[in-house]
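Paired with subunit B in one complex and with subunit C in the other, subunit A is shared by the two complexes that follow.
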Partner chain A sequence: MIVEILITQMPYLLHGVWVALQLLVCLLALGFVLGLSLAILEVYGHWTLRWFGVLFERIFRGIPAIVLLLLFYYGVADFVDISAFTAAVLALGLRSAAYQSQIFRGSILSISQGQMLAARAMGMSKPMAIREIILPQALRLSIGPWTNEFSSEMKATSLAYVIGVVELTRQARYIISSTQGNILAVFAVVAALYFIFNWLGNWGLYRLERKLAVPGFEQGGQG
Partner chain B sequence: MLLQVENIHKRYGTAEVLKGVSLNVVAGQSKVIMGPSGTGKSTLLRCINHLTPPDQGRVLVEGVEITSANLNKMREKLAFVFQDFNLFTHLRAVDNVAVGPRKIRGMNKVAARDLAMRELERVGMVERAEAYPAELSGGQQQRVSIARALAMEPKVILFDEPTSALDPELTGEVVAVMKQLASDGMTMLVVSHEIGFARQAADEIIFMDGGHILEQGPPEQLFASPQHERTRQFLSRIGEGGAGA
Partner chain C sequence: MGRLLSKLAVGAVAAASLIGGAGAASAEPLVAGVEASFPPWAYVESGEYKGIAIDAMRAIAEDQGLEVEFRDLPWPSLIPALAKGRIDLLVTGLNITEERNEVLDFSIPWWENDDEVLVPLDSDLNVVTALCCGATVGAQGGATQLQWLEDNLGANEDVDVTLRSYEDYVTAVEDMGAGRLDAVVTSTDTAEDFIAKDRPVKIVGTIQQNQPQALAVQKGDPKELLGKLNAGIMNIYRSGEWEEIVRQYSPQSTIRPIPASMPDYVDAYQEPIPGYSE
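Take a look at the complex of A and B:
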């Protein structure tokens, strides 16, 4: 009975969800730190750093995620011992950094120049002005676009399946092959699980956006 | 001499905006710079605190050239009030005023907040201390930005057309605060066409035209008997001055 199979196999599916979430958190964290740094470099950096940022972003936005996964796992494994999970975090995380850098760059550029001028005029150094004045505003503006990135990456974790990370999609394949068939039922459950976690994540981000909102600011500020 | 500005030149492409401007401000003085638009008044103010580095010339605060040491430290002595306020959008009024003392001068949170409340009191904005900039009128925002400048305990405050982005009925409250500061002995260099402030609070009017200082003198003298035709024309255009319009 398919219902029975699904119930007995549910712990495996949930473990798959757990692995997918770990992968998601790691790759988004890597993407956040690196993406934000790239964005700052691209806006404020010396032209050589800016050039490096643009090059990085073009490369990682220009290659399919599956190809990156294969490159980082099979390609890099020739030189260093790397687990499938680590390879997936690197491949998807660096790619996410490229996308996130564009989100943050856009938000930083949308902050009125007067904010930086006022901060510098009172004696803040450039790094302090970026940290205390620009980023608190830019990051607030980034939450909306960032939910897109969150959703894409949540779904992209399923691609790690091709290099053998035992996440949700691969658990589903295991269940299907060990119980002969039931493709529709198993993948329907898997789809529902992805959907639920995506929905929860977006809901949380929306709440965060509302919580951090500042009067008049969400409309892009006023003169 | 508190502020010495010597022979400032600034060029944008082929246009020379400032053609060698020099002026001095003694502690406790307030000087008002007037002149037709496009004459380099705002550029001059920005050159003074090096928001726009001049191509040539020197700026000295209490005898120390501002580029000779840490520019950020020197800027603490030269507060700047902007035409369009530039309050930090994500901070409440009180935090706009406290952020400088706290982050730049290293005061603790409580002391910085106390100082901020005192400065807000000085500009009559204590009641709106918890408001965000977007919740304040233009005049209120400008008063908070003056409090923000005061909280750095600067030697001089540079005002760049502080009332020209305001509706006419809101300029009064800002001018009143500025007059109070002047009578408290704050050293001020003000780019403005506020005749009321210039007449009552300025020790000297500086008239600029075409990147030069054309003439300067006490307000009663400059308004009553300007020496240059350009000054006369300008004063009559803004509804003031000896030539009469």
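Take a look at the complex of A and C:
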């Protein structure tokens, strides 16, 4: 009987997946843009900017995701009228920025200093050297560690239901409560769905890593 | 590289517009907060809101010319969301309590509940042993049942019970099935819903509470909804629509006269009650 229910309810679970994926893309995009900027500031910026970057990263890495969600939904929403979805993107996206900044900072620092000196000696400005010399290598190196961030944020989207985002976990609870049971069967299917989409995402990222690898290049070309 | 970056920038812009789109919902219809995992009052089946409270609210809205959209929030968030004005009214099987009266205003009560003591179908416990002598008892966190258990049993050192709170009653009953709880105390209609859906539980006793339930709006009723809600409740009650809705979702329930008992401490029940006593 529960099998039948699960089959008829599958479109709603998949809609939940769709909402979760939208949330994931938005929060990772926010985290990427902000995280990369923070990393560049932390490595090359003035000490005040560096200090700001470190403070931001410490704060957002030091607070549990679920608390951030509640803070943004109930705190920020007092001043600006934002939807639950937006609050979730901000809370999880800023947190992701903190984590991603560390990924990018690490890979930027792994590019040898000599390259920057050589670029400057050839007459490139600092921003140009960062854009044309450092980042193309550092970003390639970041893909591997970034798959971790992708996976953990994919799973973190399941927390957004606490502020009323109707994603996969919430859809699952709908089935459980309308049938007053079947927790195990429903969450087994939900676990499988998270697993499949996580696996697909990682598969795509590893493919991207191979595709972008520069053949014969000594660093970052191991893929 | 430049191309990759510009693609990512496009992605970020698309993400931003998606956020904008999600946030730009029109402010026109009233937003009714529900906790959609609370059958028979409010739940989601096949992507649609259903339940007594949902259908009754739709009927009241039609009767009073209101436009209402439902928004699902977790149970512990509902009252804070109403207090902060993030939702305009609360539509579910909401018990009237003194604490809640401090932060919100109630419509006239449309229901009255007692609490039931549930035990596993094969349990030998009775109404007394299920709530004493080393028993572990579960209820939903933030619910009136848990409050009652804490005040009357947990606080009494002579009664040896361990209380556990759960996010919802499904988990509590499931945990009882796994042997981690001896009993679960829930409201009458929730208990009857479990039994109607063939969960392996039985009722061994009833705690008479005459607990009224109602809709709720923000404290002070800034949007002047109480008059319309009260008039709408009376209209669907008198027309028989209310009875039809309750029968559909909870055929075993006794329908009590509306308004049910109105506690003195509720501010919104001081005469004249808008939409009811005039």
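Convention: the second predicted complex is superposed on the first by the 214 of 223 C-alpha atoms of A that agree within 3 Å, B and C clash if a C-alpha of one lies under 4 Å from a C-alpha of the other, contacts with A are read in each partner's own complex, and residues count from 1 in each chain.
Going forward, a contact is a pair of C-beta atoms (placed from the backbone, for glycine too) under 8 Å apart; a residue touches a chain by one contact, two chains touch by 3 or more.
Here the structure is a predicted model, which is why all the values come from computation and not from measurement.
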First, second, both or neither for A:132, with subunit B first and subunit C second: both
Touched partner set for A:106, first subunit B, second subunit C, both or neither: neither
Touching partner for A:118 - first (subunit B), second (subunit C), both, neither: first
Which of subunit B and subunit C A:144 touches, first, second, both or neither: neither
First, second, both or neither for A:30, with subunit B first and subunit C second: second
Shared subunit A contacts, counted only where both subunit B and subunit C touch the same residue: 132, 136
Touch list for subunit A against partner subunit C, complex: 8-9, 11-12, 15, 22, 25-26, 29-30, 32-33, 74, 77-78, 81-83, 85-86, 89, 131-132, 135-136, 139, 161-164, 166, 170, 173-174, 176-181, 183
Residue ranges of subunit A touching subunit B (in the complex, touch as defined): 112, 114-115, 117-125, 128, 132-133, 136-137, 140, 214-217, 221-223
Residue numbers on subunit B that touch subunit A, as the complex places them: 49, 51, 72-76, 78-80, 82, 84, 86-90, 99-100, 103-104, 132-135, 145, 148-149, 152, 165
For the subunit C and subunit A complex, residues of the former touching the latter: 1-2, 4-5, 8-9, 11-12, 14-15, 18-19, 22-23, 25, 36-39, 43-47, 50, 71-74, 77, 80, 84, 86, 168, 170-171, 173-174, 193-194, 197, 199
